[in-house]
Structures are given as structure tokens and as C-alpha cells.
Amino acid sequence: MARYVANRLAQAIMLLVIVSAIGFAILHLAPGGPLSQFAASAQMTQEDLDRVTRQLGLDRSLPIQYLDWFGRMLRGDWGHSYRDGEAVLSVISSHLGATLELMATATIIAVLLGGWIGVLGALRRYSLFDSLATVGAMIALSIPTFWFGLVTIYIFSVKLGWLPAGNRETVGDGSFLDLLHHLIAPALVLALVETAMWGRFMRSSMLEVINQDYIRTARAKGMPEWRILTVHALRNALLPMITVAGLQFPTLLGGALVAETVFTWPGMGRLFLDSIGYRDYPVVMGILMFSAIMVLIGSLLADILYAVVDPRIRVG
Amino acid sequence: MTSAALSTVQLAPGHAAWRRFRRHRLALAGAVIILVLVLGSAFGPYLLPFDDTYIDIMKRFAPPLSGAHILGTDELGRDVLARLMMGARVSLSIGFVAMVIAMAVGIAVGAFAGFFGGVVGAVLMRLVDAMLCFPTIFLLLALAALIEPGFVTTTVLIAATAWMWVARVVEAQVRSLREREFAVAALAFGSSNLRIMFRELVPNAVAPIVVAATLNVAKAILLESYLSYLGYGIQPPAASLGNMLNNAQIYLTSAPWLAIAPGLAITLAVTSFNFLGDGLRDALDPRMNIP
Amino acid sequence: MPGIEVDQGIWWQVFSPLWFIDPDGKFVPDLAREVPTIENGGLSADGLTWNIKLRSDVKWHDGTAFTAEDVKFSLELINNPDFRARSRVGHSLVKDIKVVAPDEVHWRMEAPYSPYMSILGSLTFIVPKHILEKVTDPNASPFHNAPVGTGPFRWGERVPGDHIQLNAHTGYHGKGPYVERVVFKYIPDPTVLYTQFRTGQVDYTGLQGILPNFVLEAKTLKGRKIFVSSTSSVEHIAPNLEFGALADRTVREALYLAINKQAIIDALNYGLPTQTESFVPQQAWSFQQGLPQHKYDPAKANTLLDAAGWVRGSGGVREKGGVKLEFTNSTTSGNAVREQTQQLLIQDWRAIGAAMRVNNMPAAVIWGDFWQQSKFNSVIVGVNFMLGSDPDVTPRFGSGAIPAKGGRGYNTYQYRNPEADRLLAEGAKQFDLAQRKTTYGTLQKLIRDDLAILPLFQGFIAEGVKEGLQGFRPNINMSINCWNIREWYWA
Amino acid sequence: MSSGASVPDHVAANARSPVLSVSGLTTSFMRERQWSPVVRDVSFDVASRETVAIVGESGSGKSVTALSIMRLIPKENGRVEGRVQLAGRDLLTLPEASMKDVRGNEVAMIFQEPMTSLNPVLTIGFQIAEALIQHRSLSRAAAEVETIRLLDRVRIPAAKSRFHEHPHRFSGGMRQRVMIAMALACKPRLLIADEPTTALDVTIQAQILELLKELQQEEEMSILFITHDMGVVAEIADRTVVMYGGQAVETDATARIFASASHPYTRSLLAAVPRLGSMDGRPRPMRFPIVDKVTGTSDEPAETPDTVSIAERPLLEVSNLTTRFPIRSGLFGKVSGRVHAVENISFSLRAGETLALVGESGCGKSTTGRSILKLTEPDSGTVLVDGQDVLAMNARTLRDFRKQMQIVFQDPFASLNPRMSVGTAIAAPLLANGLATASQAREKVADLLVRVGLTADMAARFPHEFSGGQRQRICIARALALGPKLIVADEAVSALDVSVKAQVVNLMLDLQASMGLAYLFISHDIAVVERMSHRVAVMYLGEIVETGPRAALFGNPQHPYTKKLMAAVPVPDPARRGIRRQVANDEIRSPVRSPDYQPPVRQYREVSPGHVVQVWGEEWSN
């Protein structure tokens, strides 16, 4: 197992190098730059711009800049934001909590609700429930998240006044209930798509399993239906879900970005969007690397967990 | 039953699949809606008395069903229905073209990686993995923020974020198919690699490819709307469903129809493609064969 | 310090300038004991020697006394080549800063530069020497996350991307503060901002303000007050004066005549802004009355073009000597009202045989080289031409300020007029208000006649304040209207 | 049509009321919105302690019959009618709750695929104990003790320690033992075994059949045994139900069916069954007799003409061929072991001759075939075809040279591209090599189709429109398109139904006679090998342990493995049923070795001219 993990880690590091090189190239080769914003708002002369460009080291050749950045990154120095001079790692960590809170809540809702819908749908295939769940899931997957978010705000915040229109907390309050109150709308909006996905995956996984020979074996030896479902089918059906969870991570992060935009949620997605807009290279690269690392860790964890749970896989 | 009967696909090209597909009512509905959307966006604008870009500033925000404007007018007094049709035309075009590009790249990369395996395959698939490390929207934004928005760039960008999944699907299919006896037989009678790849293997991966293609159109339409929502997309005065929605969001409280019409149109189009994809998956998947 | 407008809202509360400019345009001493003038001896008659007397009762938030050393340090920091100062306009002229006494500082200017008064009054804050001198890298110091100033509020906490909280500084040397704390919430989406204002989550919508389409509705809200105030920025179409047809003054005049300004102001902006012909805000002392008024007259525009030899070619687009009357127009993508304006312009100009195409870009692209190096055809932009309250526009219209030609400044229009250059040089050396008013008045006429820019309207901002919050005073001389939160209080 | 009334005499003596009585069983499935019957009006009885076999080819409805009895047909799209009486109770009308107590308790069932029939995430102990707890209300501890006893009874070595292991740790044969233990858990009156040995190797099959026979005696239970293999039927069944097209066409005592079948279909089936030992004294291969399924009339099987070339040089000369597959693991793909698939083998094959490679799964016979065609890269050795070294050829020459040698695979379904019309598929080799224009190819395709017993107009059809046998003919046609001299037939008839198998074998023999083809006939089916080969090589763990002329080798097997293999083949002769065979309980060994493994140097000895046997060592001396 240890060797397997080491192997995967080596692969992951290779991927990170590719990811960072691609990201760096895209970012730096594109038109515009971090100074454009200052130029527009503050009254900077070309001389000022040239000077700041030099000060930021942006006048060096791209490979040099990349190697410099990469070398620093390996040593734990991810650079400083061009906007406020804060260290990138601390910028990320200060936004991470909000995103994780949102993602975790949405995931819990999605796994429980989606899983339940999926299992029930598979067992009562082609029933009214299954049809409704299928149609519902399809629509949920098709609604633009931001539009759904806007409509949610319109109905629940503007018209009904039940929920806050955004942000993570009422400043100065920040109690658990207050946090929860703010969390409801964005979490539900984010969970909508996730629930649909989990429902779909769970349904097909369950369908796959209940047609397996060993389920027939369990029936043939006279096991009661509930036992077949829980002991024999569900455990097998949940296995591929581990991989799904690992693969879902990037999707979830992307969904969070949109939800965070609509609900002005102070998370990573918002940060990314703003930093892209400002061409805040260190922060953008930091987030790209961070999310890539998260994705890789996610799939690594999923694989390890799979190996732990599935007796057939013994890596080493 | 002997093992031979279990061993493989008994796929009737077309026939059985079409029968199964026909049974899938939602998919059929999806196909019909797509047809209506395509025809509507292609010919609809010529049937309306309004030009989609004609501004009549005195008639802004006319609600639906008021006078000649069936769906009302927008913030510049343009006919919403005309814009909706033109917007659907642009959005569907982006969806289709992006899909075709993503498919072409994905199939090529997947086929080569899957067929040759080894170093070539590893390098290509690591590239795919690397691209997949970026959450789609992150990647899209990173790219979009950097390039001038427009039809071509938007389409290419969306394709650039979508081909990896196709490559993965095709790679997996080709990798397993090349071990199949018919592929080995082709090798044994002296077919060239390219011939085996594109004459023997890829046509057999057509089921997942077709499904991926449909779902890709759906995804591309959705992504276009996300791009527009986040401020990078089709340039005015051209309409796309996404930028109509983007323009409408500030009038959500005062002129909700401006947001509802394109929002519903996107949902409808995307749902239709998703249903179609779902139906095709069922129809083309031989495992769904009832004994 | 690199930064954007949002930051200024914070700076005004945490730091203090030497003096500030009140809504009437008068300089009011803050850290300085009095505003230097030639009369009171603070300024030499040639404008080259400055002598500032400071208050001696001011304390930094950490209790250390504020002295002339801090002023010297701040001005020198801006000129420190390692420091990423945003702008050194004016500052670069400052030489030989001397601390004469703990409460008095002297310096010499390389050349007379009257706008520096304004620059110090609205754009320059004094930072603590005793903290920053110990820092090795002034660009990435922890100071950014816990600044210490002399302003009415001390730094509280910052949750990046969400809010910044400031707490009242009880030992503040000026009036106030009267509220215990100020929380700046970061709400990038104006619709959400308005929604939160409506639902009462926000007491004051600063900086971005309320979108014009909400203003009418907002005015009917109970318990909310809406202030629509002019800003010193001028919304205009910026032509690239070296690009194709736009180089022809007749073309610009025809285009200007064909703009349905009223529709832009009344419909797209809900009648909130005021029409203008000058780059100077109408509230400023330097504003020139009686500039030629714009009239929407497409017929006249057509006549002008016909007379000048611009004939309609294929597709109805005019042409002259092989040059087609077509160009692109750009602005920051996602700016709804400007994008609407563009679409209106397309239709207006099509009527006179001019073809315009939209080519919008994200902020980080358009305001980079595209704008700086004059790679655009035309742009819709709102620019504050003033330096604080000073009308010196040398960096905008001086022929030596064209970046595309290696100039120092941001004359991206590539405007060149020797007469304008002469007036600008003269104005910067004058310290007498009446003289300056004449000089800059002439300049405004000149720019209007040349149509170096096609002004649309004077900028405005609609801000909402919760009823009961008193003390809000819009100040056109400041880049933000929440410059004086120290004086705000709940009634 | 027969019914439960015709009970054979030797069972009738102790026949009380039958344990299972099936009458008028009709099972239909929903297809195209219509109920179409798959099993029609089937009736038979199973008496106490009796073994009844249901035999039939694929699609005859035998498995559906078994599932119908257990009521395991999915309700949404399946319908079961008729009566299934278990000790007098009609199972088809029982409420589902009571049916649960019947399944696994009174009637137990084992299935064909031991690899997929056990739940992969649960330990085998758990899966057996579960049934005990459910039906016999044992405590957990008691269930564990009983489970271990059961595992012992099905001869699983070290039963106690294997209780907590998951199914993937067991071989196919061992898993089938676990299934049997599970079935025996509640001492059922009836065991339904649905092709329980089909997926197993022949030596393992023999073990399982022996085990079932023993257990049946000890447990005094009845067995309903479903199979397609007449040999297995003869080995195990007291009485036999022959199914064809969803109907029971003949039911009788097994001995009587084999001796004097009344139904023409049964007769045609039996005629197609190769019997090991039936070729004694015939030097050349022999065609199968073809019995008309309707009339039952048979043609006279003829010995094939002598096709073996007497030229000096054999067509194919393989010497010291070795193919190993590295097993890589770790970061840098370090080789942690090797599969010694083919280990230093040599043989030759003349034009017009058939050499059979026989052996069980994993013995390396298929790898040998692929290595010869260089479809797999061998490690060392030489392969000369017509004197030219195939392994030394570069890619270009090899592509050209491939015209000389072709391959036919086991699975006719997988061997044809489902997206290509049959005509295109057969023409593909010609077009790929640029040997014909489109119209020439069309003619050639028509010619080839006729040659393999199909018609020219079938070229436009797609593979799914053909039966398995027809597809195999198409594959042969495709292999013939380039006019090869050598055909590697890799289990080419193994997956076919017995009657179809006979026809394809006949076709291959005819083609050999007319075209002088040399076959490398790779098979695990010794009876077929005996019927159609000139010479035989027995492979075991990558090596040839014995080779020689067919008659010599079968008449006088030397190597213990050859003997073991021959002993394990079920003989379709009910008369020999009483003979208890001594079958060892060992498993097929793995050819995986450590990276530093050095294969021993083998000695061979010649028994008679051409009959060579490997000198065996300690491992066989018991």
C-alpha cells in the first residue's frame, strides 16, 4: 500500500508540473496584465507602469519567471497578491473555510438525498417515483445554476424576505444560527445539481448491481428482500460512488464558484473570479495549484478508500 | 446458455437501437423539442415583423402579450421573441460546433492513446488528466478572461474544456476493443494501424461517442450561459441565450420576463439534449437488452 | 500603494492627509495646522518652496506621536524606487525634504506645480515611519493587513473577500468619530448590493452605488434615503485621433451630432446624469460656462459628411479616399449600461452611414496595452480628468503625454495641439485662482471645438442611506463620498 | 411428449410421490409489447434421491425452466404458468414470503458462473452462515461452526482459516465448492444445478461431478442438473429431459436415451457428440455423421483422405519458443514476477496436417498460437514458416507475410466487427493488402461464402443476423480470403453448440482436403481433438509434456498429466456411470514465477516413432 501511494504521489507531482506549466503559460501569454486595473483607476503614466512591471519581475522572460515561481512554490513561498500584498497561501486559507463549508453542506445533502432517490429509483424502476426523479434530475442538471440562484434570491429574499440575499454571516453576529441562515440558500442551490448527479450515479450503480449473479444467488438462498438490498446490493453499489466522489470534486468546486458569485459568498470561487479579473497572477496560480492538488488528493483518497473497502483490490 | 451467447454485443446497427429509443418517450420528446428549436431559430426570425437588433427606445420594457410583441421588449425596446430566436441560433450553433471540435480532438487523442498505449498513451492521457485537474469553469474562465470574447473564441474555449472527457471515453473503449478478436484478426490479416483504429475500433465506440456528443452539446450551451453570466461571452448587439440572461439579471425585479424567457429556453434546450443523450445511452447500450 | 477605489474608502478612515478638500472645493487642514498659501508664507511666491506646519497633538493608533518625520518618510517612500507606488505625478518634483521642527517640514519643488496642492489634499496619506522603517520590503509587509494610521478609525479585522471592520479611534484629533465601528462589506454584484440594501443588510451603498434602473424604485422605499450626486468623472466616447476616419474632425462632429444623447441620459440612465460638454465637472471652480451645446441632429450630420466628401458606398457605409467610415467601439465587457449605449450608438450612427462594431473586453485586457498604447478605435469610458480638485490635464491632453509615442502620461486619445500645450504649461505655473480659471476655460473651449472627446454626460452616483444615519455629505472633490464617515452618526 | 407417468423401472421401485413435479410449465417474456413463450408446456418429475438432467443446446429454455421453478424470473417482464409442485405444494401460487422459506431451505440452487455468483465484498463464511441463520435460526457462533463443517464437507482445504476470506481469493473450482456448501447448508430436498461445471476446466469438472455424486448419496437429496454436455449427462443423470426450442422433446431413463433415442433431435444431438476412444484404430481424422433433426436419418461418417504432405520440409517449424509476460509493479514498473506462458517449446507442422495443442486454461496454448503469428512478441526461439523466420521480420515484411498464415478465434461473436457487413469483413483483408479492386473483392467474397457453406447474398448482412455457427464460418471465410497455408484455430469450435460444432469441424476437414491447409488446432476439448487431428501435443504450464501421432498418444498415454486429462473427460456412455473415478483434489497450478526463476532443463524420451514424452519429476510421483 505504501508503495502504491508513493507511486501515485510521484504521478501526482508530475501532473502538477504539467498543470502549473499550462496554467502559467495561459495566464502570462494572454493579453492584459495585472497593471491594467491600476492604469485605469489610478492615474499612472507609462513610466510608472514600466517601473512597477520591473518591480514585479514581469519584464523577465516567461521560462525564467516560471522557474522562479516554481522554485519558490516548492519552498512554500507561493508569492504575494498583487492587490493587497498578502501572502497567497494566507489569501487562500482565509477563503477556504467558506468554500469548504458550502461544499460540505451541499455534498452531505446531495449524498443523502441523491443516494436515497437513486436507490429507490433503481428498485422501483419505471415507477412514477422513478420517472419523476429522472425528469427532475435531468431538469436540475439543465438549469443554469446562477439563474436558479437569482430566482431563489428573488423569491426567498426579495419577495418573501425569509432568507438573506447573500454573504456568509451578519457582521457582528456570526452565531451558528446566523451562519446556518446564510448557508441555506447557496447550499441548496449548489446541492441541486449535486443531488441530481448523485441520484443518477446511484441509480445506475444500483441497477448494475441488482442484475448481478450474486444477487440472484442471494435470492436463491432465500434471503429476505430488505437484506438483499442492504447487505448484498447497497454495499456493492456504493463502491463506485467512492470514485464518483473523487471525480466530482472539480465539478463541485466549479459549481461553488457560480453559487459563490450569485450569493456573494466569500470563498475560493469568488476569489478566483476576482483575481482573474485583476490578473493577480500569484493568486490565480495559487488557486489553480491548490485546486489541482485538491483534485489529485481527492482521486488519490478515493482510490485508497476503494482499495480499503473493496476486498478484490489489494495494491502493493 | 453457453458462454458464447453472453460474450458480446449483439448490436443491430440502427434497428433494435431505434426501437429501444422510440420506447424512451422523454428522449423522443427531447428530439422533437430540439428539432423545433433548430427549425425555430433557423427560420423563425424571418417570420417575425421585428429585427432582433432594432432598438425602439420609447418602447422599452413592454411586458409580454402587450401589442405586437409576444414576449414583450427588452431594455432597449427590442422584440424579445426575435432576440430569443437569434439567441437560440447562436447558442445552438456554439453548442454544435463546440461539440464537433471537442469530438474531433477527443476521438483523435483517445484513439491514439488507447490504440498505442505505452509511452504515447501515457503522455496523452497524463495531458488529459492535467487538463481535468482544473475545474471546468476555472479553466474556462482562465481562458476566457484572457481572450477577446466572440463567437469563435467562445466556441473554441468551450471545446477546449470538453474534449478531455471524450478522449477518456474513447481511450477506454479503444483500449478494450483492440484486445477483441476482430481487432486482432484485422492485425493478423495485415491491416495498417490507422485502418484498424478508425475502420474497426472507433466505429465500435460509436455508442458512447454519440451519447457523449449529445451531452456535450447540452454542456456547451450551459457553459456559454455561464460564460456570459460571468461577463465573458458573445458580443452585443448579437444575442445569445446566455448574454440575454446576463443582461436581464439587473431587471429581475422590474422586468422578470427578460430573465425568464432565456432562462427557460436554456433549460429547455439543455434538458432536451440531456434527455436525448439519456435515451441514446439506453438505446445503444446492449446491456439494456431484455432477455 | 497599488490599489483600487475600494481601498480609498478604507484609507480615508484609517489614515489622514495633510489637508482635505471639502464639498465646496476649499482646502481644510487635517494633519497640517494650516493650508500653505503664498499669503501665509507656506508657499514661496514662485511656488518652489513649501513649508508645512503640522499639528502636534496627533497620535498614531498605537499611541506614538505623529511628527514631521512621518511626513518626510511618507513622501520619500513614494519616491523610493523599490516601492510600488501607483503614481508619482507631482511627487517626483519634490526635493530636499527637511524636518525643521517636530511640527514643521520643508521641501523644494523642481518646478512650480500648483496641482500638487490638490494631490496632497486628496490622494496622499501619511504613513507611520516608526513602523514602516523597520520593514525590509515595503511592498509585502504585514502592515497591509494591520495598518496603523492617524485616522478616525483603527483597523479591526479583515475577512478577505467578505468584509473589513474598522473600530472607532477614541483619540482622533479631529471631529468625531461618532459611530463605534464601520464594516465595509465586499459585494461585487450591484444587483445583490441593492437587494441587500433593500432587505436592510446594508446601511449605506457606497462606491458602486445603486444601479440607475433601481433608483426610481429605491426612492419609494420606506426608511431609505437616496442621494444622486454628480462625480467628477466624465462619461465620454474616446476616439483614437490617429485612427482612420476618426482622425477627421468633421467625422467626429457628425458622429457627435448623430448621438441621441437624450435617449442615453433619459432612457438608459433614467434621467439621473446631467449633460456636459466639458471634461471639468460643472461643480468645480474651473468649469467653463457657455460651451457650445450638443444637439441631436442626424440631418445636419449627413449634410456635413456629404459636404466633406464622405460618400455612401456598399452597405450604406460612407467612404472617402479609400477610408471607410467604420470603426470598433470597446468598453469593459459586462458593463450593462455602456453596452446598451453602444447598441444605441450603432443604430444612431448607421443612420448617417457610419458603421460601428462592438469589441468589448474584460477590464484586465482593455485597460492594458490596448488602451495605454492606443490600440483601440474608440472606447466608452468614464474618466476623472481632475487631479483632486485641480483641472490640470497635462497627462491627458498634453502632446508629450502620449504613451504610444513614448510620452509620459495617458493621453491615449493621441491629442496634439500646440495651443493646448501652451495653456497647460501656463496653468501649472499659476497659483492665482482667477488667472487659472481663464487659462483652463480657454482650454475647455479648445478641447470642445476639437472634439478630442465626445462627452456624453457627467458621471453620477446614486447612493442609498438608511434613514437615521446622518452626516452623509457627497464630495465631488473626493473620489468617494464616504470620505467623512467620522462625522456620521445615528439619529 | 412424455409426462411424469413414464417412470423408469429402476427408480420406480423406490418411487413414492415425486419431490418435484413440474407440469405444463410455460414461461413467457415480454418482447415488443407481446408475451412470447420461451418455455412451452414442459412437464417432468424428480423423484427422491434421483438425479434428473435437463439437456439442450443454447436457447432451448433449460435455464429458464430452472429459474421458473425457483420463481427467480423477474416479474416486470416475465410470466410463469403451469404447476410446480414441491412435495405436493404448488410453488407458483405460494405467497412471496413463504417462497423465501422454500428457496435455499427446501430447494437450493447453484449456477454456471462461479466467478460472479458470489458477492465480492462479503466473506464466503458470511455468505454461507447467512443462510443458516436465516433458515435454521442458528446463533452466529453456531452458524460459524456449521459453516466450517460444510466447507470441510465440500473438501475445501483448511476450511477454518478460509472462513474469513473473500471470494476473489478462491479459484473457480473452489468457488463452485463454496456455492455447493451454501446450497447444502439447509439440507435441501432438491438441488438445482444450472450448468455448474461448464465454466470449469475438465479436471476440475470431474472433481465437482464426483463431489456432487458423493454428497447426493450422503444427503439423500434429489438433483435437477441442467447441462448442454451429453458426456456430463451420461456421467450423472438417472433420467434425462431433452429440451429443444422451449419444449421437452424427450424424457426417459438416461441409458435408454443414449441407447435408443426416439426423437430425431435427440439422435442428431447424440450423433454430434464426440466420444473419446471412438477413434481407436483409425489413423486419419474423421467427419461427424450428420443427423437430420426432423427425420433422424444419418449419413455415414467417412474418414478423410490423406492430406498430409510428404514434402521434406514441414510448413511450420517452431523451435525453442518462449513467451513470458512480465508482471510489473511499483513506481518504475519493476518486474516483480513473470508469467511463463510458453516455455521452450518446439514442434513442426506439415502442409495438410492438423496438429492439436491441448491443455487446460493457463497452459499457454493460445499464447503459443499468437506468438507464432507474432501477434504477441515472444522472448526467444524461432518460428519458420515455409523456411522463413517470422520472428525476425520487420513490420513491413511481416504485414506482407501474414497472407501465409491466418487465425480463427474461439468467440465468433467477438471475432466479427459488429459494425461491418459480413461482405466488408471478408473483403477487408484483400482491400487492406491492396490485393483486389472493389469488384474483384465482391466476387471473391461470394466465392468464399459459398465455399464455407453459406450463400453469396449473405454478404450484405451484418453479423448479428447470423447464428454462432454461421459466424464461425464467416470467420473462416475471412481467414481464407488471403489464401493462407496455415490456419491457427484458437479454440475455434469450443464455444459452439454441439451440433454446430460437428458441422464446423466437418467444414474444416473438407477445406483441409480441398485446399491442403495446415491447422494448428488449439483446444481444451480432447474428444474433438481425437476426432480431427493427425498429431497431438499436450501442454501443461507452458511446456509440451507429451507429443505424438494422435493414435499413438491416445492409445498409449505416458505422461501422468496426459493420463489425468484423459481420465477427467466425461464419457457419453451411461454404462460407465457406476465407475467411481479416483479424482485428486488438486488445483491447476499457476504459471507465475518469481523474476529470478530458472526453468529446469527438460529431458524427453521417445516412446514410439514420433511419440515423445517429457521425463517427469517428483511432483507427479503419487
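As written, the chains take the letters A, B, C and D, and residue 1 is the first residue of each chain.
Everything that follows uses one rule, which is that contacts are C-beta pairs under 8 Å (C-beta built on N, C-alpha and C of every residue); 3 or more make two chains touch, one makes a residue touch a chain.
As the structure is a prediction and not an experimental result, all values here were calculated from the model.
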Shortest path length from chain C to chain D (each step joins two touching chains): 2
Leader among chain pairs (count of C-beta contacts): A-C
Most distant chain from chain D by Cα centroid: C
Whole-Å separation of chain centres (CA-atom averages), chain A against chain B: 22
Between chain D and chain A, distance of the C-alpha-averaged centres to the nearest whole Å: 50
Chain centre separation (chain A, chain C; CA means) in Å: 39
Intercentroid distance (Cα basis), chain D paired with chain B, Å: 46
Residues within chain A bordering two or more other chains: 30-32, 158, 261, 276-277
Set of chain C residues in contact with two or more other chains: 361-362, 364-365
Overlap residues in chain B, where contacts from two or more other chains coincide: 145-146, 148, 249, 252-253
Interchain contacts, given as pairs of chains that touch: A-B, A-C, A-D, B-C, B-D
Chain C contact footprint on chain A (complex, rising order): 30-49, 51-52, 55-56, 80, 82-87, 91, 94-95, 98, 153, 157-158, 161, 164-168, 170-172, 261-264, 266-267, 270-271, 274, 276-279
Chain D partner contacts - residues on chain B that touch it in the complex: 1-5, 7-13, 19, 180-182, 184-192, 195, 199-200, 203-204, 206, 290-291
Residue ranges of chain A touching chain D (in the complex, touch as defined): 3, 6-7, 10, 125-126, 212-214, 216-224, 227, 231-232, 235-236, 239, 309-312, 316
Chain B contact footprint on chain D (complex, rising order): 29-32, 57-59, 63, 77, 112, 195, 198-199, 228, 370, 373, 375, 399-400, 402-403, 406-407, 409-420, 425, 428-429, 432-433, 462, 464-465, 468, 475, 478-479, 481-482, 495-497
Residues of chain A defined as touching chain B within the complex: 11, 14-15, 18-19, 22-23, 26-27, 29-32, 134-135, 138-139, 141-147, 150-151, 154, 158, 250-251, 253-255, 257-258, 261, 272-273, 276-277, 284, 287-288, 291-292, 295-296
